[in-house]
Structure formats: C-alpha cells, structure tokens
Amino acid sequence: MQPDLLNHAQLAQTSHLFRSRTPLVHCMTNDVVQTFTANVLLAVGASPAMVIDIAEAPQFAALADALLINVGTLTEARRDAMRAAVESASAAGKPWVLDPVAVGALTLRSEFCQALLARGPAAIRGNASEIMALAGESGGGRGVDTTDTAAAALPAARRLAADLATIVAVTGEVDYVTDGPRTVSVAGGSPLMTRVVGTGCALSAVVAAACALPGDRLQNVSGACGLMKRAGGIAAAASAGPGGFVPAFLDALYQEVDA
Amino acid sequence: MQPDLLNHAQLAQTSHLFRSRTPLVHCMTNDVVQTFTANVLLAVGASPAMVIDIAEAPQFAALADALLINVGTLTEARRDAMRAAVESASAAGKPWVLDPVAVGALTLRSEFCQALLARGPAAIRGNASEIMALAGESGGGRGVDTTDTAAAALPAARRLAADLATIVAVTGEVDYVTDGPRTVSVAGGSPLMTRVVGTGCALSAVVAAACALPGDRLQNVSGACGLMKRAGGIAAAASAGPGGFVPAFLDALYQEVDA
Amino acid sequence: MQPDLLNHAQLAQTSHLFRSRTPLVHCMTNDVVQTFTANVLLAVGASPAMVIDIAEAPQFAALADALLINVGTLTEARRDAMRAAVESASAAGKPWVLDPVAVGALTLRSEFCQALLARGPAAIRGNASEIMALAGESGGGRGVDTTDTAAAALPAARRLAADLATIVAVTGEVDYVTDGPRTVSVAGGSPLMTRVVGTGCALSAVVAAACALPGDRLQNVSGACGLMKRAGGIAAAASAGPGGFVPAFLDALYQEVDA
C-alpha cells in the first residue's frame, strides 16, 4: 500500500489555522530544546508555555489546547508530573502527544512510555528506532540518533497507530504519518536538520499544536510535518552551516503563511 | 497624571554604568530562557550567573550584586531555594527583582509570588495581566501571554508600587515604570519581540542589573527598559523574522554604548 | 619550561577523527548551556546526548563514548546522579571530563569537585580561577568569571595534572593543555567569546569527545582547544557582536574539516 503524497494545499491550510487559532501548547519537554521549541511554536503562530511541577502541570494541562510529553531528560519527578498532566488533559478532552526520545535504550523512560501508551495519545512522533522500540521491535538507536530509516519503521508505525487508534509520525529523510489504514508521506527538508539539536523535538510540539486544530487530524499532522520540511529546505539553501540554519529556519517558518 | 517620557540621555547613562560596573546578576529563572537571559546580560555589559540549589543559592545571593527571581518553570524545590536566596540577598543589602510569570492562573506560583511581595523586592517586572493579577485585580492572562494592555494595568502598577515602596515595570507595546508618584513611559520596540521567547524574562534580568547601579532607581530601570526597546527596534528593522531577530538584537544591545 | 605551540596539523587530524568516529558524548551539564553544547558537538561531528536522572545516567554512561560532568547549575539530585554516572563510566572504561564551573566560591560544588578528583578524570577543563581553586591555591573567581590569567594558573595546572595523572586544560586568552611534564599552548580566538555564554562549557564537551579518540590524548585535547579557538577567530571577524557570533561560530566549526 503506497502512502499518499502530502497535498501542497494542506501546508497553507495548516499554517492558516495555526495563525488564526494560535493553539496554546503546554510543553513538558527536555532541558536541551526548550528555547528552540518555544521559538518554533511562536514562529508558526502557536503559543508555547512550559509548566513542569506536579503542583501546577495538571492545572495548566486542562487550560491549554494541547499537551506535549517529551521524555528527553526525564527525571522521576518529571515523570510523575507528566503522568498527572496527561490524566488532566485527557479528563478535559485535550489532545496530548508523545515524543519517546531514546526509548528502548533506557529503562526509566521505556517503562514510562509503554505505560503512557494506554492513556490514549492523540499522536506519537519519533524517529525510526524510537517507533520500532515503542512497537516492541528493536532495542533503540544510538543515544538520540536513529539507526534505522523511517521507511523501515513504517510497518511498525502502522500497526502501532491501528492498535492504539492514534496517529504515528515516524520522521527521517522522508516522514510518514499514519493512522493505520491511511499513510501520508512528506518529503523535503535537508540533512542539515540533523546537525541542529531539537528539530525533531520541536516538530513534536508543532504536531501537538496541530492536534488542537479542527478538521482531519491525519491531514493536520501531515501539514505540520510538511511546514517543518519546507522551512528546513528553504533554510538549508540559505545557510552556510547549522549555525546560520537556526535563524533562517525560524524566519522561514514565520514567513510560510505567505508561501 | 501623565507619565514622563523616558529621557534619551538616560539610555547612554544606563549603558555606560552597565559597562563600567558590570553588575553580577544571580539569575534564578525559568528553563526556557536561561541562555538568552545570560547572553542579553553579557551583551549589555553585565555578568550573569545561574546558581539554583538551596545549598548554594543563598551563599551566592550574598556575593552577587543583584538577584532575579523568575517563576516561569517553578518547582517546589526551586521555590524553597528562591525563598532562601531572597532572604540572603535582603540580609546582605542586595536588591532582588521579581518576574511573576503567569501569576494568577496557577496556584503554586501565585501563592509564592504573593508571599514574596512582603519581602521587599527592589522592582517587579511583568506584563499587564501579571501585574493586575499581582495587585489582585484579575485572574491572569492566557498562559504566559497577556490579555490586557500595559496602559490598562498602570493604575494597578502605581498602587502596587506605592503600597510596597517598590518600582513596578509593566511592559507591553509601551512600557510604564512607576514608583507610585512618578511614572516614566518607554516607547519603541517591535511586535516581533513577542514572537521570540524570553524578551520579557531577559528584560527582568536587565532590570535586576539596573537595580544594582548607583543613582535614581526609577531612572535606571527606565533606562534598562529603554535600552531593550531601542535594540528591539533596531533588530526588527534589520530582520526578516524572529530567527534573525535574536542575533541582531544581541548585537544591537552590544553596540548600544556607542549609540 | 616553555610550552610547545599547537601543531597546526593536529587541527585537521582532530577534526577528521571527530567526523569519522562521531563520538557519542553523554553530557551532564548546566541548564544554561545545554542547547549550545549540543549544537557545538553536532557541528564538530560528534553526537550529544543529555541523560540526567540517577535511574538512567549510569546506564547511559556505560553506553556512551565519553562523559562530561559540568557543575554549573548543580543540585543535590544531579550530584548524586553524576557520581553514579562517573562510577559507571569508569567501570566501563569510558573517559570522563570535569568542568568545575565556579568551584571555590560555593561549598556544594567545591566539595563535590574535590571528591570527584579521586575518581580519575581523563581531563579537567576550567578557567584560571577554577583550576587554581581546584589545586587549593585560591578562593575562586567572581561568579563564573575568572580573575586570573591562564598563564598564572599554569603551575597549578601542571601540578594538578601530574598529581592526578590527568590532562588539565586551563583556558583563557591563551589556552594551556598539560599532562604535567608536557604542555601545549593554544593561541587564537577572540575576546568576543567571553561575551557569549557557554563557549567554555561547550569546549569542555568537545574535550570529552576528544578523550574518546584514539592516539595521544594530550594532542587530541589540544586539537579540540585549537578547533574552538580557530572557529572563534573566524566567527569574530565575521560578526558585528555576540549575537551574530553564535551562528558564525557554529558554521565555522562545521566547515573546519575543509580548512
């Protein structure tokens, strides 16, 4: 079954919806990518907020439009706060998204991510190794890097999506976004995106924002992936390396509504 | 009562004092803005240091020239360390500044900020919703975003400043800096500053540095706001979006002494 | 005894080894420099991963190629996790590097760093005040800034290196890298590097990566210092201030393999 190619019109629609609705995304994410994640959300027209303590996170998760759970620098305290925030978001009918950074290789996060799957994520965004590990198919990558291609992980992604009635975005040189029966492929981007920390983590935040939009969630998440791919390609073409890439990428995201 | 306009000569004076005295600012701030806050302080000529554990923060607060308390990603452990640092700074006669991020909407930080008010901040810097919430007038904004204008919050800011014998900077499209009887308005800047995370939080750190300077504190804090507004205007004019804005803003701050 | 000048050919060799081996560096570092540290490692061709909880850090330290311990925003929980990670890295035969940020001035980190010295670091990277404090010769600098020159700290660095059978890199306007008997001096760079937060902390991560390379560790660490100095000089020449410096520096590191 061939994936569908992302419809170009979807990019303009997703971009328009971000700007007209400015979804407020509650980000519980890792220490390394906080600033970049916030700036990416602001650039696409969404609104970020980081609230992390167990005394506040459940309260905020019910107020925000979507919740991101990224286990990149997990601690036991954050795990407990994340679990409480997921419960609160679910109770309030708000979508939450899982980014299972480096799942498989490390015990604490692997057990936590597996336990979270039962709580109904609106979407899961990971690289090939992470998605395969989450589906029980491999032992994880090398640190945060994948050792597999997204295409190799597509069967696992489809099965995971179907089993959990969720959306799985497995990202790499080509991104695949699937709900099980349907799959959309998203090409573009640049290898330079792998030399900048946080492009995947920030995409997960944009996926969370997309899950708060009205309409077909598979299309909205695909549009989110497409916006990041397109901005990555524009920025890479305009940059001498990963340093110049970051400002060029944020500017490209910011200007995409006009594209 | 009309606010006074910021005197342009104050910018040069504040900038000169930052560079000649390099105030060491102990920043206890949120996870999202640490790097940007440090780089902004370095660019204006001050010196940042982040020390966060309750075993070290009080020790360092007595050594530094000023202390910043920003409750953006508050945890219970940080709250306790912040409280101890405030006590230590106060005992050592060092000024401390409060940035009450998203106060009003969330219980832990709201209770903590209210309790801190009794401990004599040298200045408070917040957006309109935060200042109004702190003064007991509204329930807070939407996440970290304000839903009010700075002008609408000016009466609350004046009353808060007078009641606490402090300086309140309520910032927005126009900033107002007040000690109750006197108010200075600071225009300039750019809407692009709201599409970059941390411009307000970094301003609070610069306000803390300003509180360590000799002379009229109201004028020094106004000068700090003015330096940020001017650099923001310069950077926005030179940028295609929020990505290019960040380096241009730091460069403009760095070059302001010559302006 | 005159230090040797860094051999220019070492830069190309170190750069080549980073790119051909992509050492995976487990960074346990401070909150302020996480993003910049990761991006610097990616730019030189290494691979960063931040894993911080005591439940995961020892597990990951055994998998990674090198471990960085930076005490910049130390907490008691992180100290315990760092200690466990150092033990695990040592048991697995993996090198670990100490960056003793602001040691001397603050009790918790001073006691911790002194205790760590007995556990056999592969290298120590600090500014003059930090290295002198670690050697028991002074009370530390002003916050994170040094109040001494690297040359003044060279005798302390040599003694520390000889006593611990380690490499000490004391960095400043000129860097000195010593194992006791041998010392290499590394010139270059720019004063602008002191107006950007994290250049020293990121260097420590690159030093950790260098300790995972085959060959003479003193030469590899010197090469790491030289790569950062050269990129700093290139970036400063191309920048109007510290804002533009950051992207230019990362781009220069990324392009250095061709230099």
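Letters are used for the chains, namely A, B and C, taken in the order the chains are written, and counting of residues starts over at 1 for each.
Keep this in mind: contacts are C-beta pairs under 8 Å (C-beta built on N, C-alpha and C of every residue); 3 or more make two chains touch, one makes a residue touch a chain.
Keep in mind that this is a model prediction, so the values were computed, not measured.
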item	value
Least step count from chain A to chain C, where 1 means the two chains touch	1
Turning angle required so that chain B lies on chain C, C-alpha fit (0 to 180°, nearest 5)	120
Centre-to-centre distance between chain B and chain A (centres being mean Cα positions), rounded to whole Å	32
Residue list for chain A, restricted to those that touch at least two other chains	31, 35, 246-247
In the complex, chain C residues that touch chain A	24, 31, 34-35, 38-39, 42-43, 47-53, 55-56, 59-60, 63-64, 77, 246-255
In the complex with chain C, residue positions of chain A that touch it	30-33, 35-36, 72-76, 102, 105-109, 142-145, 194-198, 239-244, 246-247
